[in-house]
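Quick one: the structure is below, and I'll ask about it shortly.
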Amino acid sequence: MKNIKGFVILASLLLLFLSVGTLSGQEIAIKAGTILPISDAPIENSTILIKDRKIAAIGQNIAVDADARVIDASGKYVMPGMIDSQSRLFVIDNELNERRSIAPELNILDGLDPYIKEAPEVAAQGVTAVYITPGSRSLIGGSGAVLKLNGSKDVGKMLLKDNIAVKAAIGVSSNNQSSSLGRLANYSSIREALLETKIYMHNKEKHDREQAKYNKKKAEYDKKKEARPTEKVEKPKRPARFRPNPTREVLAKVLSKEIPLQIEVHRVTDILNALRLADEFGFKLILDKCTEGYLIAEEIARSKSPVILGPVSSSFADMPRLEYRHHDIRNAAILSGKGVKLALGVSGRDGASSKFVALAAAIAVANGMDRDMALRAVTLTPAEILGVADRIGSLQVGKDADIVILSGHPLDSLSQVEMVLIEGKTVFERKDQQ
Amino acid sequence: MSISFCLTSSGSESQSLAIRASKIWTITDGVITNGVIIINEGKIQSVGENIEIPEGIRVLDMSDKDVMPGMIDAHCHIGLSLDIFSEMDETVAAVAADMLILDAFNPYSDDVKKALSCGVTTIMLAPGNRNPVGGLPAVLKLDISKANDWVLVRAAGVEFSVMNEALMFDREPTSRAGLMDLIREELDKAKEDKDDGFNPTRDILKRVVVANKTAYIWARNVDEIASAMAIVDEYELKAVLVTAEQGDEIADMIAERNLPVIYPPLLLSSRDKDLKRAGKMANSGIKIAFASLTPRTDLHDLRTSAILAAKYGLDTETALKSLTINAAEILGVADRLGSISEGKDADLVILNGDPLQLTSSIEMVLINGNIVYQRQEE
Amino acid sequence: MRIHVILLTFLLLVSAFVAPGRAEVTVIKAGKILTMSGEPITDGVILVEDGKIAEIGTGIEIPEEAVVIDAGKSVVTPGFVDASAPAPVRGDLNEQSGEITPTLRISDALDPQSKTLKRVVQMGVTTLFVSPGPQNVIGGLGVVVKPSGKIPQQMIVKDEAALRIVMDLDATQGNRIPRYQSPTNFYYRRPGTRMAIIWMLRKSFFDAQRQADSEQIEDPNLAILSAALNDEIPIHVNARRAIVIRAALKVADEYGLKLIFQECTEGYKVAKQLAEKKIPVVLGPFYYYPGNMGQYREGRKVNWNNAGILAKAGVKVALSSGEQSGAIDMLTAAAFAVRHGMDRDEALKAITITPAEILGVAERVGSLEKGKDADIVILSGDPLDVTTRVEKVILNGKTVYQ
Amino acid sequence: MKSRSHITFVSILLIVFITGSITDAAPVRKKLAVEAGRIITIVGKDIKNGVILIEDGTIKAVGTDVEIPWDAFVIEAKDRVVMPGFVMAHTSSGLDRENENMPEVPFISTFDSIDPISTFFEDSLRDGIVAMLVLPGNNTLLGGTGTIVKPCGRTVEAMLIKRYTGLKISLRPSGNTSRMGHMQRFRRYISDLKDYLEDYEQRKADAKEEKKPFDEEIDVTKQSMVDLSNKKLTAFIYCDRAADVPKAIEIQKTHGLNTVLVLSPDCYKAVGLIAKSKLPVVLDSQLIIWETNEQTNEEEMKVIPMIFHKAGVKFAFQTDTSQYGRRYLWYQAATAVKYGMKRQEALKSITLYPAQFIGVDNRLGSIETGKEATILFLTGDPLDGQSWVDQVMIAGEIVYERAKDERLKKLLEPPLEIQEPKDTD
């Protein structure tokens, strides 16, 4: 008997990920005990209504279709899916970098393998989206993307948004094969790249102007020709062809504030350098890792640039030792205390460790971070920093129905994830409550 | 609050002290709500619900806090040389039996303060796993302010390692078979017990094969554990398995030899399968204690290991025990540590919540009744 | 608690996978039983009681409580025996600290979780001989195991089954200078030439003999060698080229050693001598051409019919995977041996009873006889047909693969 | 007429090559009739005791009721099984080196690198392979163009069936590039190519406008890629792991290429995508891989051809020299049959399908009227391990006879007795 039951559990556990049965037609109503919308205060005993993959309504008494699928989560906690903003899930044998120091045109999507086994486990811990960037071995490593863990085997179907930010790293990469230069050289060669980009942009504009001029002249010339074919008119000269350079194109986007530059920095000096760069070139900056940030919290707060902090505890990763010598577990608490816009990432040893997002938040709380801020730092804040807040990060009408149902408060270490929905589709369900 | 007051007069041991707490996790006999602990001469004099506090005794009012015994890290490598790179293996020779890890320990290193802030009051300072015979671990109390008795056990048992980590390409042995061969050879020599003058290695190994001191054997995977058990059987050793992560695969055999297991930090593994192992082993009757293996992981995450294990199927009671009394028993210091009960050392951790909640932070740590750490709000 | 249930289920499932039916008696009915000891039995019955074969033949009455496995028309053979199997060991097989390491026992390093074991058993291999790595002149003691059991102690059929000697150039590999020692001393380094290999061999046996003569046993290594000297432990010699085989024979004559040859790629050239000396051989996989025969290209003069020629000359021939993982399955080995001219029955024996005899475990495995272990393979058809697949593997009376 | 004499010449050469003496050269005949015990036509049912009528190296008629013309030379094969020669749609053997070091060399051709006397070709003929597409290896992004050859002849020209067919694209990052960098490099190359072509067209237009003669050729280093884009060449895209398959399909779609997927075993995970894309597939020579089941922790056997077969994907086998069976096409097919593949399908995927993939199915791949008389005479069933290729006929000429295969003799027969040297000591 037990055996059979167990089998059912097992089967369901496995199958649920594979089931791609889209529920788009049907309504789903979640009758929740406590809703943590993150965007605003918790709501007791009310209903979340899901219509074609989006949240249609949240409230006490909502009209629900007769045929709607009703999920009873009374006495349970309901929250938006969590986001690991420092994940390496899907990355093929941890190969995060091209062995070049300036390679912004790379796209992390080319390096991902959707067929890995770990993804379902991560989703089962309430993590519905991961942000993956190239690694820290190149000074400028390429652009990152946010993927949803909806169990699809097609990167395209998982992709929420790519070209989110260009990943750079100061200091960390200085001791590896991509460049044998020291810190200052790192710093300067990034500057150089950006300066060259400026020149490039200038040339491009120039060329465009000339092209436009030429087009005009050509038009006139053609008209003349038509009018009097015999008459001798000298033909306007076509400007030389302009070869677009992918590397520069990407950095141009950064300089024109289309996409931010995400710089991995650990030491105080590097953080300050990063801030200085941002001032000099006026691009949108995201501070990554930010190990020693707590030492200059005010400066960071003043610069208004957001931080993706991680790992909260040094246990999560084997970080480059020297970079991490002054790692402090209170880092997150201090930064957010000073009002820095802060997202918490796991940045674990491997892909699967993305499941520890809630754990990271809890550790941050234990060391003085505000509970709500911590929760926000693994849901809404990363969504905002990564520019996907219109889709995910909180429970609000109109957003994707990426919803996690837990037996207890997400920061309660022993509470279990009961169910995970991504765009209304159940990707995980705990089947075996006694 | 009252802490500020008591700080002024903290330090001297002679004074006795009373702690009023909302929850006292005694570990050995349940949880006492709104209880009182009376400390005298650094020992716990009495603990219970309604004990009247003697006149004129200093009172720590922690009536909104929880109290648990100081946590014991069953295996770590803190305070060795530089604060980040630690020297734990003497890898020149494969057999380094007579190496005293205590000789490398710096009691004033930051790690020690860090440990206290994490609620760890006692550690087993151990050599690493890169020598087949690794040396002599020590059990230390982190109360270095008083030089009285912070070294509980100077040389506790002997460390062995049958892991692949103990193999080096340029040192004998280079294969697991060769490693076992070597260990046997050494133990045989020790067993022969013939007196040929000064031979520290032999004398120390005698402690294990003759005097029945504990052998701490590093073994992670099933085959390594099997080799360890083979040695244990052949020489009838009193042994402890260190980082026997895959032990659950052969839990029954470990249990029937009742070998305790010092379990590695759970944060080193990320797959569900591995996270469940600790629970499985404990449930099949193996006594486990957690270790932080610092600097592999942060000392703070000693508690995280227990909590994660609990989340993945270890029952909460055992989880707490494996941070305290189990460790104390495995390290052979249970007569003084590991629980809050009359006569034991007053090594206490005061948290602002359930010890098995990651979110509850450590407010204060006492060793022998002295406040050795106190959390500052910034 | 929840996790309990799942765990429990997993365990149940696993166990269900490993051992269905706790019943004492199992009965296998088959259209054709190739016993390897006697004539094939048609429409026979095998009666298995707690892991052993209780009855075999036709017209055996079946106890009603028995679990019946009806193999229908398909063919039943004994579990295959790989007399030179890839070692299920994590990490380095070779002890690099010395080239004469007889006391080394590979059984100390066996990994029960090894994937290779789980794979070969699905190819019908139920007994394997595993020996230390090939980079020592005298490598140590090999062990005969079955791919079942949670710890090595449970797997072992026969420990210290044979002493491994390597006379091929593999033994010149892995030159490593021990820490803080200069390479000046000859004995620190591996032999660089075959001369040195053979020299070392001679020397160590010479020492062993001398120690044996001078009553008191000092060095355990030499103790094992002298045990080998008076035939208490069989000796497996890796020799590919004909001249090496001859050299080995010479050393054997000098010390009166009993040899068993491994690999033996050019064995066909010395078939006569081998037959005269009654030396059995365990052949590795046949090589198509030197391009794919290991780093030394030893035994370049391949003959596909090596097995056939040796067998015809009267040598006891076993076919093996030649320590190559990637599970070259024994059936294919036999099928190709036959394709190239080996006798059918010889070929089938060469993957079952012959290796069992060579390893000295024939009283337990290798053929289907009363009282032997119930290691049984059920095939979909003629074992030598390449389109025949292994349908069921029974190990010690338990179905381990289906 | 010309071609026939040419073939004769080749076959003579070949027989010289194999047997080492010219006397055995088979006489060249106009009309042949093969009386076979069994004919495996691949396309239709097998024919018992059938006759194949051959004229000028092409099949004129097949069947039981074919009456043999008086002037036809009759080949007795009553005790033989006759079937079309095997075809291999992708191999990198027979080259002195498989790969160029530079990542983008679409302009090089295996034609210049094929080594006619490499044993590989001799072996292939012995094993019944009559045509193979030799492509560069899997380590270069744009590896170069391929050559279809038959495994007989002492010069590449003599072996040649079709030159300049197929271009190798490998999605496996080589050297020390990452996957990201690899794909980026590919895109970069394509965009550069586009730019170049635009310029080229532009210049052409200008010349036209100014009535100047325009005789500029397209850059030779780019020609092959141009031919690829306008379907003169087929792209053979190698996918190293499942994650590469979507990329390959995307490339195929965006540039509208004729594509054959060359798959590593891992790609079975993407079988759904592949089936949907309807692209032809060449499987890796490793047909069986093992995977550890996450739950039970048991090893599970994955039979690659079965997975693709079930998904309804058309595929061809290839060989390698690593292990026993893997080096025989018939064995690869047999393995598939062993695990439940339909016999007919299995046979097709070593004859007809590969022929289709490399575009020689008008000549090879089956025994039909009008096709080239390229057939094998087997001693038994092709999927039986104990049967041998007894004779190979290519375009009506017997090019291989087992009886005269000296090397095979050497490989199978015992050597002469050697006198043991006397020990003097």
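Labels for the chains are A, B, C and D, by order of writing; each one numbers its residues from 1.
By our rule, contacts are C-beta pairs under 8 Å (C-beta built on N, C-alpha and C of every residue); 3 or more make two chains touch, one makes a residue touch a chain.
All figures in this text were calculated on a predicted structure; none of them were measured in a lab.
A.B. asks: Any chains in contact with both chain B and chain D?
C.D. replies: Chains in contact with chain B as well as chain D: A, C.
A.B. asks: By the contact definition above, name the pair with the higher C-beta contact count: B-C or A-D.
C.D. replies: If we tally the C-beta pairs in contact for B-C and A-D, the bigger total goes to B-C.
A.B. asks: Quick check for the class: compute each chain's Cα centroid; which one is farthest from the centroid of chain B?
C.D. replies: D
A.B. asks: State, to the nearest whole Å, the distance from the C-alpha centre of chain B to the C-alpha centre of chain C.
C.D. replies: Chain B and chain C have C-alpha centres separated by 46 Å.
A.B. asks: Measuring from the mean C-alpha position of chain A to the mean C-alpha position of chain D, what distance in angstrom results?
C.D. replies: That gives a centre separation of 46 Å.
A.B. asks: Approximately how many whole Å separate the CA-defined centres of chain A and chain C?
C.D. replies: 54
A.B. asks: Need the CA-centroid distance for the pair chain A / chain B, whole Å please.
C.D. replies: Between these chains, centre-to-centre, one finds 40 Å.
A.B. asks: When you check chain A against every other chain, which residues touch at least two of them?
C.D. replies: In chain A, 10, 416 touch at least two other chains.
A.B. asks: Would you mind listing the residues of chain C that make contact with two or more other chains?
C.D. replies: Residues 10, 13 of chain C touch two or more partner chains.
A.B. asks: Find every residue in chain B that makes contact with two or more other chains and list them.
C.D. replies: none
A.B. asks: Which chain A residues qualify as touching chain B in the complex?
C.D. replies: Spelled out, the residues of chain A in touch with chain B are 118, 121, 124, 313-316, 321-322, 325, 329-330, 333-334, 337, 348-353, 355-356, 359, 362-363, 365-368, 371, 411-414, 416.
A.B. asks: Sort out for me which residues of chain B touch chain C in the complex.
C.D. replies: These residues of chain B touch chain C: 92, 164, 167, 169-181, 185, 221-223, 226-227, 229-230, 246, 249-250, 253, 276, 279-280, 283, 312-313.
A.B. asks: In the complex formed with chain A, which residues of chain D make contact?
C.D. replies: Going through chain D, the ones touching chain A are 176-184, 187-188, 191, 195, 199, 241-243, 246-247, 269-270, 272-273, 294-295.
A.B. asks: If you look only at chain C, which of its residues touch chain D in the complex?
C.D. replies: 10, 13-14, 17, 115, 118-119, 122, 250, 268-269, 271-273, 285-286, 288-289, 291-292, 302-305, 309, 312, 326-328, 332-333, 335-336, 338-341, 384-389
A.B. asks: Touching chain B in the complex: which residues of chain C?
C.D. replies: Within the complex, chain C touches chain B at residues 3-4, 7, 89-98, 101, 103-106, 108-113, 132-133, 140, 150-153, 176-180, 220.
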